[in-house]
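Since the structure comes first, as structure tokens, the remarks are kept for the end.
Read from first to last, the chains carry the letters A, B, C, D, E, F, G and H; within each, the first residue is number 1.
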Amino acid sequence: MIEEIEVSRAIVENAVRDFLDCLEVDVAIAGGGPSGLVAARYLADSGAKVALFERKLSLGGGMWGGGMMYPRIVVQEEARFILDDFGINYRKERGQYIASSIESVAKLLSVAVDSGARLFNCISVEDVLVREKRVNGFVLNWSAVEAAGLHVDPLAVKARYCVDATGHPLEVCSIVCRKVGELNTPSGGVEGERSMWADLSEKLVVENTGEVYPGLYVSGMAANAVYGSPRMGPVFGGMLLSGKRVAELITKRL
Amino acid sequence: MIEEIEVSRAIVENAVRDFLDCLEVDVAIAGGGPSGLVAARYLADSGAKVALFERKLSLGGGMWGGGMMYPRIVVQEEARFILDDFGINYRKERGQYIASSIESVAKLLSVAVDSGARLFNCISVEDVLVREKRVNGFVLNWSAVEAAGLHVDPLAVKARYCVDATGHPLEVCSIVCRKVGELNTPSGGVEGERSMWADLSEKLVVENTGEVYPGLYVSGMAANAVYGSPRMGPVFGGMLLSGKRVAELITKRL
Amino acid sequence: MIEEIEVSRAIVENAVRDFLDCLEVDVAIAGGGPSGLVAARYLADSGAKVALFERKLSLGGGMWGGGMMYPRIVVQEEARFILDDFGINYRKERGQYIASSIESVAKLLSVAVDSGARLFNCISVEDVLVREKRVNGFVLNWSAVEAAGLHVDPLAVKARYCVDATGHPLEVCSIVCRKVGELNTPSGGVEGERSMWADLSEKLVVENTGEVYPGLYVSGMAANAVYGSPRMGPVFGGMLLSGKRVAELITKRL
Amino acid sequence: MIEEIEVSRAIVENAVRDFLDCLEVDVAIAGGGPSGLVAARYLADSGAKVALFERKLSLGGGMWGGGMMYPRIVVQEEARFILDDFGINYRKERGQYIASSIESVAKLLSVAVDSGARLFNCISVEDVLVREKRVNGFVLNWSAVEAAGLHVDPLAVKARYCVDATGHPLEVCSIVCRKVGELNTPSGGVEGERSMWADLSEKLVVENTGEVYPGLYVSGMAANAVYGSPRMGPVFGGMLLSGKRVAELITKRL
Amino acid sequence: MIEEIEVSRAIVENAVRDFLDCLEVDVAIAGGGPSGLVAARYLADSGAKVALFERKLSLGGGMWGGGMMYPRIVVQEEARFILDDFGINYRKERGQYIASSIESVAKLLSVAVDSGARLFNCISVEDVLVREKRVNGFVLNWSAVEAAGLHVDPLAVKARYCVDATGHPLEVCSIVCRKVGELNTPSGGVEGERSMWADLSEKLVVENTGEVYPGLYVSGMAANAVYGSPRMGPVFGGMLLSGKRVAELITKRL
Amino acid sequence: MIEEIEVSRAIVENAVRDFLDCLEVDVAIAGGGPSGLVAARYLADSGAKVALFERKLSLGGGMWGGGMMYPRIVVQEEARFILDDFGINYRKERGQYIASSIESVAKLLSVAVDSGARLFNCISVEDVLVREKRVNGFVLNWSAVEAAGLHVDPLAVKARYCVDATGHPLEVCSIVCRKVGELNTPSGGVEGERSMWADLSEKLVVENTGEVYPGLYVSGMAANAVYGSPRMGPVFGGMLLSGKRVAELITKRL
Amino acid sequence: MIEEIEVSRAIVENAVRDFLDCLEVDVAIAGGGPSGLVAARYLADSGAKVALFERKLSLGGGMWGGGMMYPRIVVQEEARFILDDFGINYRKERGQYIASSIESVAKLLSVAVDSGARLFNCISVEDVLVREKRVNGFVLNWSAVEAAGLHVDPLAVKARYCVDATGHPLEVCSIVCRKVGELNTPSGGVEGERSMWADLSEKLVVENTGEVYPGLYVSGMAANAVYGSPRMGPVFGGMLLSGKRVAELITKRL
Amino acid sequence: MIEEIEVSRAIVENAVRDFLDCLEVDVAIAGGGPSGLVAARYLADSGAKVALFERKLSLGGGMWGGGMMYPRIVVQEEARFILDDFGINYRKERGQYIASSIESVAKLLSVAVDSGARLFNCISVEDVLVREKRVNGFVLNWSAVEAAGLHVDPLAVKARYCVDATGHPLEVCSIVCRKVGELNTPSGGVEGERSMWADLSEKLVVENTGEVYPGLYVSGMAANAVYGSPRMGPVFGGMLLSGKRVAELITKRL
């Protein structure tokens, strides 16, 4: 027989235990889109303790909608192995690999979860923890608190490395640049995304992936946005490669 | 080299081909929550051509948020085999099975996709097709059209059987009852969900699963809502079993 | 030295422990306005385990604003002893007792807290638990979830007796009447508040206080609203007496 | 007999074929107001392959409302021949030509369509394609996606020449100036429209019509807004002449 | 030289003269969608004085968006001659005629204007004029007044016959049925549109076209909505035929 | 020298003294449109103590906007003497008297104020006071409280007679009919305004003016709305006569 | 007998005739608050042709609400004669003159109207007319057009002198400073209102009244806002004196 | 017997008397959160006449919600004595003191009220009074006026010292810096809060507490925000100590 309060107890206890266990992690990732999920998975695979925080109820970010709500994405040859790594099916046409955007989200999520990375939804990163010119954690709140216009204090989690994978609003970098100090960019600030040039942006997103402030890495669309590189379209290869790249860079330092 | 218009072409052509291929299916499902996804998968497994339409950008429905945004769900013994069937991990505590709500969505989606069911997002069912007192398809529109307040006509798809898996707003049943005819319920209308009684509602949701109007089945939370049964809480066993049940009922008739 | 994650841990652990401890109580009260707080205090004084749930961030309900935002309330002779009981200061003028509305809220809260009653804010009662024609608990959710328009399942708590002290929207009674069964009122439904007649309504609110459905009591403004009695103005004596009355009625049965 | 899915198929196939055929054009025009439509028509007449994208459901822009919702427009002598060219009726009064604003939109549209220009509605230009300091296409999305607040990637189309005919918000020029590089204006940026001086602005709008960035032309109200010229009132002669002018300038280079 | 106030004067004088000239007409039509425009044109062709009032800034109604924003419409054989009558181009595929939705609106408008019908935009019909159980005019207001939430009185125009061509909200019929008297329908009220059945609805829309209350005719989608017939999809033949039919019926009585 | 706090003191003291002086009046009027202002003036002229409460910041109601924002009103011969009584200028054309709507509001207000009637703005009537089946006062609140969505209690004022002059929403009658008892209308409820028939409605508005519930009179547009008479257009004669009529009826009983 | 269309005709013809007659005036005033109304009256008294445009439905501006919605205003000795001039009653207390805010608006309006000034409501000034570095008219639109979010062109009126009496948003000055040229202020721009210092601001508002750009005067609260003077409270003497002052300054030049 | 108008009279008279009595005080505090309440209490204890103005209906500020809606706060050893001073219960864990956020608000309020400080809700500080480079009072309005979008003038109160305790929007300091003159900060302006560093911010908040402009003090979260110090989390010790500190600093000068 199902006893409702046993259900309540099980849900709260298990979820809170998991959250408390993540108060101190190796890597904290802001943003549950493709680059965040890829990074989470490879970091977890390499043994790191990883927590990823997504503000929306659902993870997957801008990948769900494909291009103009046509639920397909395109991946170039260089990134095909990541599709294979995540078990995503694709079809080859004129040198490109085409996959379902819905399947891609589903598989990125499934594999990231199975890797041991901890995924949290409904939580937004509203600030960072700082110590002597270094980012060393996130300041979190329920995103529903903000949406409901409530005035409620946040809580903090600590991380050896933080990743901004929030896409082109690059929420964490914006906070750091406004409230902490200069970023590792030509102007010291956020450069902002340039107009679309798919071929170039796919290369740059991997090059731009890296540490923009002590303790803070940037990945995916946010990497291009912080360095003023062109925006990407519904080609997701660079995004996936950037997620893998940030995982490699951080793994070396753990 | 990536040529943007080749990306555009590949995405539109592939997605539209898939949509056109689904203008006539065996089963059309409204709602991409847990019961809809489970139904889609088992129907596809049995060889049916299945298309599922979800109005949100993301699929997964009310399962993402667990209970009160604590991302866990509970499943009872009777439904555990479905967790196994979809590869969802769980922990047993006091006779209940506890799983991550995020993982559960990811795995339901991944497996449903792999089964061959076709999943569409951003599309809402705004009406049904009728012929002589039988529902034989859905009338669809981009949900963004409605959200943007535009006046744009819908398009129609045909199906041998339709399933309302939209949860307690039971959107399709409401349309049928207002615009087509009496449902197979005591009052002939939508009875409306009663207050929570988890144990009972978990049993009833399976019993209530079935044909409520010629050509139209109801599954999951909508099944309880149409028959005036108690609502369910974050126990998802009944929901999953109902999805399986509707697949079995329809499979017999195909 | 202050370590942020120790702060996070302390806050979450203490609050969650308290919430879990309240999954099963003697009395659950919906609504943190004056009658709910008075009821909570006297019930706790008599040894009952009491939990009160308020949907707003702040407790105190409609008492904060006095009359037309003039922060004063009026109490008649019969209820003066409750002001004394809670240590609220007042001034006598023409047979009435006038107090600050802000002080009144502060003292009701302080004394209720000191009595051992457990007060929760930001949580709304979105449904009730039923078993065989008896209310035996509340179905709760973060009120921010609703305000943010998220689709997230609730959790349940169990109580031997429930009290609707939500004021004239009488939220719990409305749910019960729509989703459970007939109330103990002339029409079996919610009668709705009548126009203002302060003298009469102050008497009736005490008489109307009582059990409206097995397991569910009604108190304060909600008591008049459910029985179709006149509404009250910024005279709070009846409201306070009703809170005391519901505490007495339930105490006898515990 | 009408079969709904044949209707669906015909609509989707024909429209998508047309869209795919426009992935690469000679001229892409943003904005379906009078100057855009005039430009589209004369370009198509001269043999160019032209696609025009309007974000609203209806084309015609600010011409529908006449002056202060009085549905009339005024055209001066110099532009009368364009009214004749499009078959728009007018009446002469005190040296001005007065026409119905509704008829004017209808005829501009009809003739533009008959010229072979391809018109698309419900689509907004959210970015441009760039290559080595040259604009060579538009980045498009459903405008309903933006209105509905969805996070969905755009698609791109390629054009030898692009035209910003979006009126005084000059949407394309603003993007180019923020995300690509300096415009061919005194400040290198968007100057912004000055106060009304009808006589002067009617002359300047034709002079201002031209290439503001390699590959990008500006026409109509946007031409005055980008160069800081005075705004126009409900005199539409300059607007029409500007549309013709941009067509002539581009035709020479094709 | 352009003198702004001469522009102002010309616009106001011409537009107001036209409006005053339409204070008394033979036929007043509410709604500027396809059936209203077709009716206006054939009525004007037959010598009637016709005024059409549309609440939006643009005319064309639901035809602009084609099906699901794919800008194409379908017309069946029976109605092809109306496409020809209006000079709308089409392509034949599998027994259906496919036209551009944008061109169709443009041509319907152009031809209606050329027929001498008077078209007004930005004006909504907020009530009807009655005399002894007969509708004999419209009560008009700027639709912007309503949108801006202003409390401003309307003005009235008189007509021998009125037509509700407002589509499925059938705004005029709803007013008449609520504020004047019983309609000529089975229930005496508005029956409401049924679910889609394209073949049947295309036939019924012509049969349903007629007088629903002395002095008030119904045409197009509104004709099906008032009689409880199935809704139409993006097949516009019936709509066009209905517009022609209402013109014929009224012409006989003028 | 101006001392700000002396300004504050003077304003608060004078205004509050006036409000307190109006806690008990002969006649309380809800609604500061033309019929309310006319009634207030004639009642005050006859020696009654009158208070009028308007929810908006400005008084004048629907008269400001004339017809369709053309700031003119029309008055018929029978009511011309009221224009004269208030010093409103007019012009005679085809048997009607035409006045500026702005001047009319200004003069109605000026003369009403000079008559000694007390006018309050920003205050809404949210309920009535009742005693044994008689209305004997209003329950008031700041309308800003409602607009701001605050939960704040109202205050009450007593009156020998109350007048609902709130126009067609007839706010007070609606409250009485829902929360107090049956009105003196055929159905006992609010009949609702019928469609426009200016000639008839101008006559009926005077006949309908009277007592609809013990202690409650109705005047102006509300008088027609409560009895199901036709609505009026921008002809204000009946409205003015109704205001005079209600003043006469009440004066007899004072 | 009242014929509705005669009412419509009379209203439109009279109002439009008045508007057309005001296409060219001596003085055009933006803003119908106290300083605008005072200026309008004294200018009209001196024989000037004056038109005043107010964006709201009601005139009177910020005077309606007194101080904190207590409907009283205070005027100092120096400005008392203006109260007398307009027939406004007052009471003297501690050296100040206290009047009803509602009466004050009513009398300002009544007297301004009787002086022959033309008052228009529902119309906003969205731009100015310029000629060779001089403002010589206003560009007008229905304010409802803006509120309804419509894209509709404005119309223009010509004036020898223009007055910005729009209060502290100083709408016209902002436009001139952004779109025409430097104002006659220390910075050449709008300085912005400083914090309250009633005594000083009452003096400065008169001194600041004057020509800020060739052809454009500023009056009332806007005069202080443009020169960075302190804001005024509910003391209206300076405002009234400023209105008189601007009238005197302009009269000299006419 | 309760007479409603006696209730009205008692409430208005008592509240207004209190407000008028506070037109001139020793200390005026903006913001009813923890630091404002603590300051109010200690100032009142030392004999000062104190008035505190809160814009919300409820006082308590950001303390109600604890951390992420978990209703607990943490206080460090240094501030524990303030918990004792206010009678707030706590539990010690790992060197921190944990209290209920709801109890903390209740006790801060109760004790502040009992100290004789005057607390006002629903009132916002929209400006300051200035005299010769000194702040000497607040300019107040109902916050509902702003929320309702009304244009209503404020009233002023005078104070020897003013305190900005409005938290990180530091509303008063922002006004002073924009409309009065340079603050006593490095840049002369508002520096803005930096990212979270709990340990440091808890120290700095006390150091930052002080006079930022002649006559204006800053306290609590606002103290850190004005000086660019790190933000605090749900540790409230510094906030409480800052409230006590500002009280001490001002007391010395009274």
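In this section, a contact is a pair of C-beta atoms (placed from the backbone, for glycine too) under 8 Å apart; a residue touches a chain by one contact, two chains touch by 3 or more.
Predicted, not measured: the structure shown is a model, and the values here were computed from it.
**Q** Shared touching chains for chain D and chain F?
**A** Chains that touch both chain D and chain F, as defined above, are E, G.
**Q** Moving only to chains each one touches, count the minimum steps from chain B until you reach chain F.
**A** The least step count works out to 2.
**Q** Using C-alpha centres only, name the chain that sits farthest from chain G.
**A** Relative to chain G, the chain with the farthest C-alpha centre is B.
**Q** Between chain C and chain E, what is the separation of their C-alpha centroids in Å?
**A** The computed centroid separation for chain C versus chain E comes out at 55 Å.
**Q** CA centre of chain B versus CA centre of chain H: separation in Å?
**A** The mean C-alpha positions of chain B and chain H differ by 52 Å.
**Q** Can you compute the centre-to-centre distance for chain B and chain D, using the mean CA position of each chain? Integer Å is fine.
**A** One centre to the other, that is 43 Å.
**Q** How many Å are there between the centre of chain F and the centre of chain G, using C-alpha atoms for each centre?
**A** Averaging C-alpha atoms per chain gives centres 29 Å apart.
**Q** Any chance you could list the residues of chain G touching two or more other chains?
**A** Expected reply: 4, 7-8, 11-12, 16, 57, 64-70, 122, 129, 142, 144-145, 150-152, 155-156, 196, 198, 233-234.
**Q** All pairs of touching chains, please: list them by chain label.
**A** Once each pair is checked, the touching ones are A-B, A-C, A-D, A-H, B-C, B-D, B-E, C-F, C-H, D-E, D-G, E-F, E-G, F-G, F-H, G-H.
**Q** Can you check the complex and tell me which residues of chain A touch chain D?
**A** Interface residues on the chain A side: 61-62, 64-70, 192-198, 230-231, 233-234.
**Q** Where on chain F does chain H make contact in their complex?
**A** 4-5, 7-9, 11-13, 16, 19-20, 23-24, 57, 122, 129, 137, 142-145, 147-152, 155-158
**Q** Which part of chain D faces chain E closely enough to touch in the complex?
**A** 1-4, 6-8, 10-12, 14-16, 56-60, 64-74, 76, 91, 93-94, 96, 98, 100, 102-103, 105-107, 109-110, 113, 119-122, 142, 144, 196, 198-199, 202, 233-235
**Q** Which residues of chain A touch chain H in the complex?
**A** My answer: residues 127-131, 139-142, 145, 150-156, 175-176, 178-180.
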